[in-house]
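Each of the next two complexes has subunit A plus one other chain: subunit B in the first, subunit C in the second.
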Partner chain A sequence: MTTTAPPTSPRPTRRARVLPPPIAGQELVLVAVIALMWVVLALTTPAFASAGSIQPLLVATAPIALAGIGMTIVIITGGIDVSVGGMMMVCAVVTAKALVAFELALPLALGLSVAVGGLLGLVNGLLIAYGRVHAIIITFGTMNVFLFVGLQIFASRTVNGIPSTLQFFGRGVAGRTLGVPHAFVLTLLIAAIAWWYLRHTAGGRHFYAIGGDAQAARLAGIDVRGRILAAYVVTGLLVGLASCFLIAQGTSSLDQSVGNGKELAVIAAVVIGGTSIMGGRGSVLGTVLGALLVQTVTSGVTQLGWPSQLSDLFVGIFIIVAVGADLLRERARRRRLRAKGAAA
Partner chain B sequence: MSTSTQAPTPAGPDPAPRPAAAERGDSIGARALRAVLTQRITLLAVLIVVVVLSYVALDAGGYLTAPYDPDYLSASLINAVPLAMLALAELLVILSGRGGIDLSVGAIVALSGMVFGFMYGQWGWPLWLAVVATAGFGALCGALNGFLVAYIGFPALIATLATFYAFKSLAIVVNQQSPISTPPIQELYSLTRSVEIPVIGGQIPDVPLGIFTFLLPTVLIVWLLLARTTYGRRLYAVGTNDVASLWAGQPVRATRFGAYALAGLISGLVAVVTVAQFASARPDAGVSGNGMALPAITIAVLGGVAITGGIGRVAGVVLATLLIVWLNAGILLAFVGNEGSQYQLLALGVVLVAAALLNGFAGRRYGVAD
Partner chain C sequence: MTSTVTSSRPGAGPDAPARLAMTGISKRFGAVRAIRQADLVVRPGTVHALVGENGAGKSTMIKILAGVETPDTGDIEVDGSPASIRGTSDALALGIATVYQEPQLFGELTVSENIFIGREVRRGARVDWAAQHAQVVDVLDLLGLPPRVATATVADLPIATQQQVSIAKALVGNARILILDEPSAILTDAEIDVLFTVVRRLVASGVSVIYISHRLDELFRIADEVTVMRDGATIGTYPIGDLTVRRVAELMVGGILTQEKAVRAPTQDTPALELSGLGRVGAFHDVDVAVRPGEVVGLYGLVGSGVSEIAACVYGIDRATSGTITLAGRQVRPKNPGHAKRLGIALLPANRKQEGMFSFQSIAFNISAGHLDRLSKAGFWVDRAAERTVARDLIKRLAVKTPSEKQAIGAMSGGNAQKVVLARQLVSRPEVLVLAEPTQGVDIGAKEEIHKIIAELAAEGTAVLVVTSDLPEALRVADRLVVVRGGTTTVEFGPDATQVDVLAAAAGHDDPSDASDPEQDS
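Moving on, here comes the complex of A and B:
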């Protein structure tokens, strides 16, 4: 990466090079697409523009976006975590059973779920960082193990009579202040912190460095294993919180399908948000927008009266379009660089 | 990141003397250990024997709910048919390298199954034509993956994640969420019956028909393709290093494209098998629950296919399938109710993680990355 920059004004040019613009092209496009979809949906289905339709949409976006923040960090390091669905199941069932059995207070329930998630993330992180095996293999394995643990705790019965402790993050009136769902606000807050951390601290940049080239990062003195471990633990913690949102959104009972297929939904949100699956590039902001886009599609398809399964088709198409656009941009960028290199 | 230094002097900060000693390997015990740890085929064969023997011991002790005998082992092979075929599909795709993986095989199974249901169950096409057309349809779905990955340059994980969603959705919508189970489809269930093998059939248990009609031909053709044709050698070359293959004049894109299309074709055949097994073309076959793709990838990896591409053998995949199928068959007898299916998840997960870690360990211990 040695660029032959003119030595006249090194500081400003270097700063401009190191950090990408705060909002990348992909995110602007996503904002435009979401806005367009909202306008079209508002015009075609009168019910969409009402608060009663937007609020559940934001609430439903929160868990995917939240888990997506962790997944973004993991994918930036060049890894992936397909065990998110299994983790959600374990966190949700443990928390739900504890709520039923001990009638925990809200902070305790949150703490329990986050702790369980962190523990599961630690298992992933240790195996991946110290086992030197590709993340996708390890998390395929742990996914099965987590599903086993979750189903064992379920013991073939749905958890019934969950107290309404978590209503603060639910769909109901208790879950909103001034009409804004708490779950979504908390997600935005965490996303903002993660965005700032990833972009403006040395620790955050290390994740990008590892994803760019782990060997080079190690030689540059970065604690690669520690950082990778941290990425998976953070994912676990956030999945724990997201599981509380899932419980809150549901009815007073929880069945074995919780978390089912969520890993793919989360990965879809991340890649639609412009994070490169190859690692080294990506932003949390895009992930939140990606989750919002996916949820808008799901909600829109239902409100248009189309079969709800059709939304998956659109999610697939959006993944292709979003990543395809990114590929083309990247190719153009490389061509420009090469042209510049040839000219110099 | 695994070091694949074949030489007895490992390059690295701490030159361990042990690899050199293992290279000479005078004692039989050390040599056997080395073979088990570094050769996936040997390890799997040993594990299969261990698994079967321990179940037989458990059975003799009266811990199982039904006899774990050759008849049961043979009958449980019917579960190996879809599993092994999809794992072979994953073998082709993962071999092609550059992060090759196919998450969409389960969705292709579901969609092709519905197409098969229409052709055979509703339009009354002859069976052979319907099967060929279904395989062709599956190949078309796979070709879409291949086009996106090989020609446009999508990362495989993303392209097949997208098509997973698309195919899954289409499969459900195409017949308004309802399965097709007309009489001709229901009669297909006879495909899953067990038959007596001629001549030697008296001595050994009956074997499910699907093994002969679908699994063995697939195994044979994939093996011939990989081990005995130019295309196979090309696929290994492309998977090992696509830049080098390109400079060696190989058609990298077409080769990679072919792997995905073939995976789709095999998935189309699996669709016919699943329709026969359920006696109904179900829109959620292959995607319900954990889906079919994840177990197939797991089996492939367990069979020694390197996720980085270019390494993997048919024999490993077949043995890994046998291991998992017989392990699962025993678990069903050892636990009552759906406890068994839960312990199957645990077994699959633990075996996969252990095998992967063992791979890494053996690579460092002997300086050989399997």
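Moving on, here comes the complex of A and C:
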């Protein structure tokens, strides 16, 4: 394509690295912080070190990480979705009631929940892509609508007598193979696919471009609306799957409080994972680690017998530290460039 | 004025068919005739400069060529065949690529990704990074950049390199005509040298470059031919050898314009505002200006000369890194605009919409903002009656056209809105008033009135500093005019300065005797 001049330059002989490294500094820091917390917890509460304690932690991390993958894409495009808690409630109650009424098989239950999530995500996506109103306003609106719809479907405080169809993703023995929880493995698998898609395909890179500068992206011929729509639909689909995990984690009954406040845990996981809330930058790997960190804090506080409000405090501190680190990094970059400019 | 192509005689190169021929181009925006019967002929493998004052029609010509605007009349031929440019994709398909002044890049993506965004090379489902990388490395090499730049994140690169990346992006699209819109405005001298090397290499490989610049001295280093525009028409095309900076300035201005203006004398000799040896690393250095009470001093420079950065320092938006600012004999260091105001500097910011006004609020709110301490009862609640009286007085005094002081400022015309923002500074007469681009985007009538207000304030004893890149305005309002070029104050002109002299001084002169500077500034 470069016909402006004959390619006279020597091709690099060794295979040059053509992409930035797959793991960024912040992700390594997260691994270190999580490892440190696990060591401290293991030393202070001997029960924590056992597999019986780690397994529920991983199972509980799965829905946050899963919804977080969608949220990562949404935030990379410069948007946000605060309706995921409401979506989880609708998906969970619809699926739970269907399980009770029709004794659905596992694939059908999953399919139903994912379809409902996808539909709700489509509503968000259409309003945001075509509405020209900021995503936080739209999803704040749909959040309330979803909560209302969910409560209507609930009709009573709980749905009882849910069959154990979803136990394959639960905390129990049925939820593990060789001691590894299925829910967590499936989450990692989906995370790997999302990671590859975002990093290696044109469609994935376009999410970053849109978050960087939507106008420039449009001029570059990117289907901005289509991509934004896709981001919210994918979030809905993943929330649908996450809702099944939530049902599986419970007993045979589902409470109205399902999904309550989950949007905050999910956004916390994404932000702690290093995705810029301004859009244009972020990674799925960071989000999975962020989710693990958030859940470790929550479980750790419980295990230590501390008041549960403390976990909110710690998550809040982590968010501020993560955003602060991001700011400092940005400032250092600008200072470096200015120094370079002055030297020139 | 009708256009006349006074010369299309080749200056260099063979008499091949023109790479680009635009003839009889006209474009109207509402009542404004942006382009009138303009002609532009660019030969293969040459650098063709397009010059003209702000508003002469250069940008509209470029937008037509880039497919952003469609002309009302006229024909375009590329390499001898008629071309229809209906959109940006048509322009790209014809090999016309535009590099805008501000790089249109995605900061968090790599250089390779930026160059191929929206037209990725694919291998199956995924992007073929290796193939893209190889092409990018070739183009970067043509631009004199090392291969490692291909994998760098754009936000990590200096602005000059980012601009080269924009050029690379244009070249990968197989460009035959490359439009560079004010490429040097944001670059340092060393970076401009690099840019010129790149341009020469491209031209040698057969690309035609259309080069737009306000810095006339540059043309003599890089251009083969120059087309001058004035008032939407092309005045003519000249081989560079037939021109001097002074001649280009004359062609741009179209004769010598003089306007009547009152001669004022400063009321005191001690400066009310003095900048002495002021500098900010990377922006400007050794700036010396003194404004005495009762006089209007113009600080004039072309876009990129550093003149707007100087204003930002006086405002306290940026901090100076060397030199001093003295207010009535007292040395000050404005920390932020609020601080500058408390020190006694009244400000009219350059970008009205972003820095100067509260769009959704009323005229009265916009005028009283910043004075609420004086307009409040018991220093606590706003005295709405007093606010209204002040607003009405100023509306009358500045001839703001509005049915009521309750009107929202966002709905008003640019000229009226600017008068309201100016009114805020006049609630009490300031000792020192600094205005940056006071009439940008303002219609002629309002412009006259704003100039009148400036003159009135000076007559009452205010020291006024007008920072502007609008030359007729600088000449019109200023008693003395200090020219900023290359980040420092250079020449000072008295009230008898002519447009051509000042422009030649600001744009750089190839022959020092060209600029008839009456007095050198220290």
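Simple rule for what comes next: the second predicted complex is superposed on the first by the 320 of 344 C-alpha atoms of A that agree within 3 Å, B and C clash if a C-alpha of one lies under 4 Å from a C-alpha of the other, contacts with A are read in each partner's own complex, and residues count from 1 in each chain.
Here is the rule we use: contacts are C-beta pairs under 8 Å (C-beta built on N, C-alpha and C of every residue); 3 or more make two chains touch, one makes a residue touch a chain.
These numbers were taken from a predicted model, which means no experiment stands behind them.
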Touching partner for A:His206 - first (subunit B), second (subunit C), both, neither: second
Subunit B versus subunit C as contact partner of A:Ile222, first or second or both or neither: second
First, second, both or neither for A:Ala51, with subunit B first and subunit C second: neither
Touching partner for A:Arg281 - first (subunit B), second (subunit C), both, neither: second
Partner chain in contact with A:Ala332 - subunit B first, subunit C second, else both or neither: neither
First (subunit B), second (subunit C), both or neither touched by A:Val39: neither
Contact residues of subunit A, present in both the subunit B and the subunit C interface: none
Residues of subunit A that touch subunit B when the two form their complex: 80, 82, 127, 131-134, 136-138, 140-148, 151-152, 156, 214-215, 260, 264, 267-268, 271, 277-278, 307, 309-313, 315-317, 319-320, 323-324, 327, 331
Of subunit C, residues touching subunit A in the complex: 88-89, 104-110, 112-113, 117-120, 122, 125-127, 129-130, 132-135, 137-139, 141-142, 147, 150-151, 153, 155-160, 171-175, 188, 190-191, 202, 205-207, 281-282
Parts of subunit A lying in touch with subunit C, wherever the complex brings them together: 1-5, 7-9, 11-12, 15-20, 200-202, 205-206, 208-209, 211-213, 216-217, 219-222, 276, 280-281, 333, 336-338, 340-342, 344
Partner subunit A, residues of subunit B touching it in the complex: 1-2, 99, 101, 103, 148, 152-155, 157-159, 161-170, 172-173, 176-177, 289-290, 294, 297-298, 301, 307-308, 337-338, 342-343, 345-346, 348-350, 352-353, 356-357, 359-360
